[in-house]
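For reference, chains read A, B, C and D in written order, and residue numbers begin at 1 within each chain.
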């Protein structure tokens, strides 16, 4: 039988995402309502592993006042980090040798020494993998662990979506909307590069919502000639401009090989991102002026959309509920219409790409969007 | 075996909703891509039933140019109406008697006379009921019918959600966000009335996303004293203001009776909406200044969110796909992650209220929102 | 010669306005940069006059941390009030008689007792009148006073504009934009009531920016038949809907008399605002369905626009600069391209209405907007 | 005495700017109200000079329907171009030699042959210079010319501001707001590059409104060490991140020389824009992770703000009014509170930089923003 909980901690790891603060607030309020104390760990697990960085405490009590009015703010009041992994913590020996050590036990012991009974880990694939290890090692020591999925790219498996993605898509759509009139007025090709190293969700959704003419995603290697043909077809129909949206991880057919060859020549660094590259190539092929716009960091911040705020709150409250019910080693997930729990071990290391047989891709084809194939 | 389609028509009925134009565009492009001709019917079925209202044609060919750049615009290029029902069309006899007649056959015959093989009906419960009748009567005459669900209130059954709702929630959230600072600066109770006659989805989602302190929905009859207690508890904790979000259909416990009694006294008309009423009552009970804000019509218009644009496009393309596959009498529906088909007869006349056992309601309670019970 | 300043206080009075926090931050940073201490007075002058309302101090030191990240937030961290006037403070004698007394000396003495050398008063006409009295009485006691104009309605004289107005116009424009599609889809007349009891700035600017078809302002008494004629002319041109924007203070020709007569009949209360009234009247006259939307409180809150944030910052810094230069009894004002100073006595009690000979009104007429005359 | 006008033409030149369509609509409605016919010239003067590019007419009648609902749309329904200058039109002789010729007479003759009496030229410095030549040569041939200023950068002299600038500042502010939380969560330096080759208005206004920590403008050559010192001072105060906003034309002290030397080494091309450059340099100096975000093209498009829509409408109506009053060779300008006229010859070739002695710069310094000097 599980022990009743008295104290929990919460950690946010990996890249920034709109909705983190709404999760923190929901966890705090739902836990305090159960009479639990809530602690925050600074910047992923740095609050425990790098205590010297923090003038006061790396793990500190979260009060109700601290979470007032934060649901609609971007960022995380705990801070986050996408450097370092507690499972491969880098130490430098006296002789200067650098080694990686697993410090998961330090985290568990630190929390248990504070009488913390449970941990809510909010993060992406990396953080959830760590959460799973902390669960496996920690449970016998009295620490339960629950994960909350966070990924702007929407590439986490076993949850329909998570907070941050809708905000990123909404802002990318707003940006691409803005480029339409300029592209048309100047008769240009605009290539918009959006986040998505391994999965093309943002490119696909924002590209469709903003009626882009071509959308390139990592899941579908593209043929430059197909895109050029689309641009030319539009030209012939009197549409003197085109908008191409490309996920940063989009690759040409046989692209890996192309990059490898470039790498041998030492030229990769000068290539720039996919956006610049495509703009350059399409200008050469089509003879039309082409420009790149890289949205990158703009998609991580901002006030979360109402959809993301609600998803974040539901995740935060569900995490507390799961702990209250005695769970450990699970992640809360969105399985419309409700939130459910999935085993962390089923999630870690798995990536959810765009379903090429799904109706969204089919819709893109049906309404005439070039997917590069 | 079903006949191949050559011509289809599309109709938008009921109240305005953000995303209608994106549906129309997607239907048009997906149909034209299959070599079909597409026709639009003006203002629901008025284009057929009230031909004299239209200087040119009540049913007119939709060209590719007509659907350019309309996906992000609110409204519907076809027009809509929420007056009149073709199944109960009002005619006035020579002697001045008013009768209702069923004109569904007129619609079918008119479309068949134009060699139109299929009809896409976009609308809410009323429109989908009509669509089902048109399907039942029309199929033998060579007319297939597919429905596309439209409801800002999100109260249609058998689809997780539909376009329009996310936009309404997003804008309501924006409005309530704005009221926070004013309510706080002036130490007021603000009552925000939002759409939702039978279902509290908008109130619940927007109220949570904007961190309202009390949310009243038709599914949970409210106790005025509970709301007042919440306001007082906040006051004692140093929060001198409160935000109450109420669906227009929210009712007090035993409220139907209360309204009936008022009606007998002939005072109902002067009561104003639920917002004004609650503001008045809460000011009396708590002694705090209270004001009402009615969002009403503001939630029907505007540019659809990226979520709604995509949902609308997917629905439009799926409707064409369903017709192409030989379907009739079905509605396209969102069953994450994909769109599926459900029988119109399973949808018509059914209402989807907020799931009182779902995790969203549970989350509201967990983070301390007063639901009036 | 003026004494160098060591401590200043700041007060925000009257209705909420987007930009107040940006003023407070700018005053605080600009003062601290000069080595001054900054104090905040709670809720207008209540922090001094009603000390029992505040658990801690009604006048408290503002730290740099308190003003972090507040520039883009609506509201005021000091609180405000639009009840009560220190010059006519209501006291109840032992025998229950209510009298008004002037407590301006109490304010001056309280501040001087705290060694506060100067006061920045942020507010509208009422607050600036108080500021002028405090200046006149306080200067000899060692208190300098500078005013910062605040009015959403834009009706303060001697400054081109001030913060809050642009945000209100922007949001009203957004709302009216949203109503266009719904009005058109449903072929309705929509009457939008916006703030502006004495001046029609918001109605005029938002109505023009959102291409309303008629705009009614207090400065131009309207003739209902002119508006109806405009609606009918649009109808004949195939535009089956119309948007009317009305300032809350708009009056029909001879309207004062009309209201007086109604008042005699005791019916004024039931009239509702100008929006409801106009919708009712226009529906009767034109036979078209008409609806009212009241934006009211929505226009006071929200994140200030970039224009308003900058104006607020410039005003805040200019107020400190004015004090540093030895000024008292002045208000900072926007006189493009720079901020200047005007005597408070020239401002108090004066109202700035829309210039009926200005080019904005001329533009409205030139592009065919009905102004009701 | 001037002839009464019967036909006018309108041309939009140079880069895209939000508000162009609102100008076109206002010109059209104000002219039609006077009984004039209105013609549009496609893409600057290409509609006249390169007639073969246009399947129909390069100069075409603008109907009332064409300008319906365009005021809130970005772009220009006429198209624009920032290639080519009619005063230095490039022709290629039979022997392949390229020469520049002045084709202003062709424009005048073409318009006069169509019985067009007046021309409204909307554009920036280049366009207004052309407008002045057309006025000087055209007046005796019966063509009056009026200019409407357009510059997103706000660098046109003799007008307080013009449409497009407020929209650009608003969107840049929104973008920088979004970067705050990410920069803070990740403890990074973010360098945001905005438009402004010769003048720093956008950087200054958006940087201040979004509370950037350093703002670099062309008018103030920067010292890298000063920026690094600011970042370090923030670090020591516990603020582990910084936002630097740089106009694309910002230069280091002695910067021209630096660029020249780089150019000799053939390395300029690899330098990237000022954003990338600064991020690279600041990361090296401060040891903090730094990233660049280039807003560039995002600032040209989008729906104009209410401020810009109104300014655009007022300019459009004023241009027509000026023509009606018999003017030629003038530009309409914003001189708060009204629009006035200035001679085109006083405007052409003059640039309006940020006033280094103005109160906005003073405010930036007062609230602690590093301006690099």
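We take it that contacts are C-beta pairs under 8 Å (C-beta built on N, C-alpha and C of every residue); 3 or more make two chains touch, one makes a residue touch a chain.
According to UniProt, the chain labels map to these proteins: A, B, C, D = ATP-dependent 6-phosphofructokinase.
Every value quoted in this text rests on a predicted model; they were computed, and no experiment measured them.
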Fill in the blank from the handout: Shared touch partners for subunit A + subunit B come out as none
Handout entry: Greatest separation from subunit C - chain, by CA centre
Key = A
Exercise for the section: Report, in whole Å, the distance between the mean C-alpha point of subunit A and the mean C-alpha point of subunit D. Expected result: 36
Completion exercise
Between the Cα centroids of subunit C and subunit D the separation in whole angstrom comes to 32
Exercise for the section: Let me have the rounded angstrom distance from the C-alpha centre of subunit B over to the C-alpha centre of subunit D, please. Expected result: 42
Completion exercise
Contacts with two or more other chains occur in subunit C at residues 177, 180
Practice task
Provide the full list of chain pairs in touch.
Solution key: A-B, A-D, B-C, C-D
Handout entry: subunit D residues touching subunit C - in the complex, by the definition given at the top
Key = 25-26, 29-30, 33, 69, 71-72, 160, 166, 169-170, 172-173, 177, 180, 205-206, 208-211, 305-307, 309-310, 313-314, 317-318, 320-321, 336-339, 355, 358-360, 362-363, 366-368
Completion exercise
subunit A contacts subunit D in the complex at 15-16, 18, 20, 55, 73-76, 79-82, 171, 174-175, 177-182, 184-187, 190, 238, 270, 291, 293-294, 296-298, 300-302
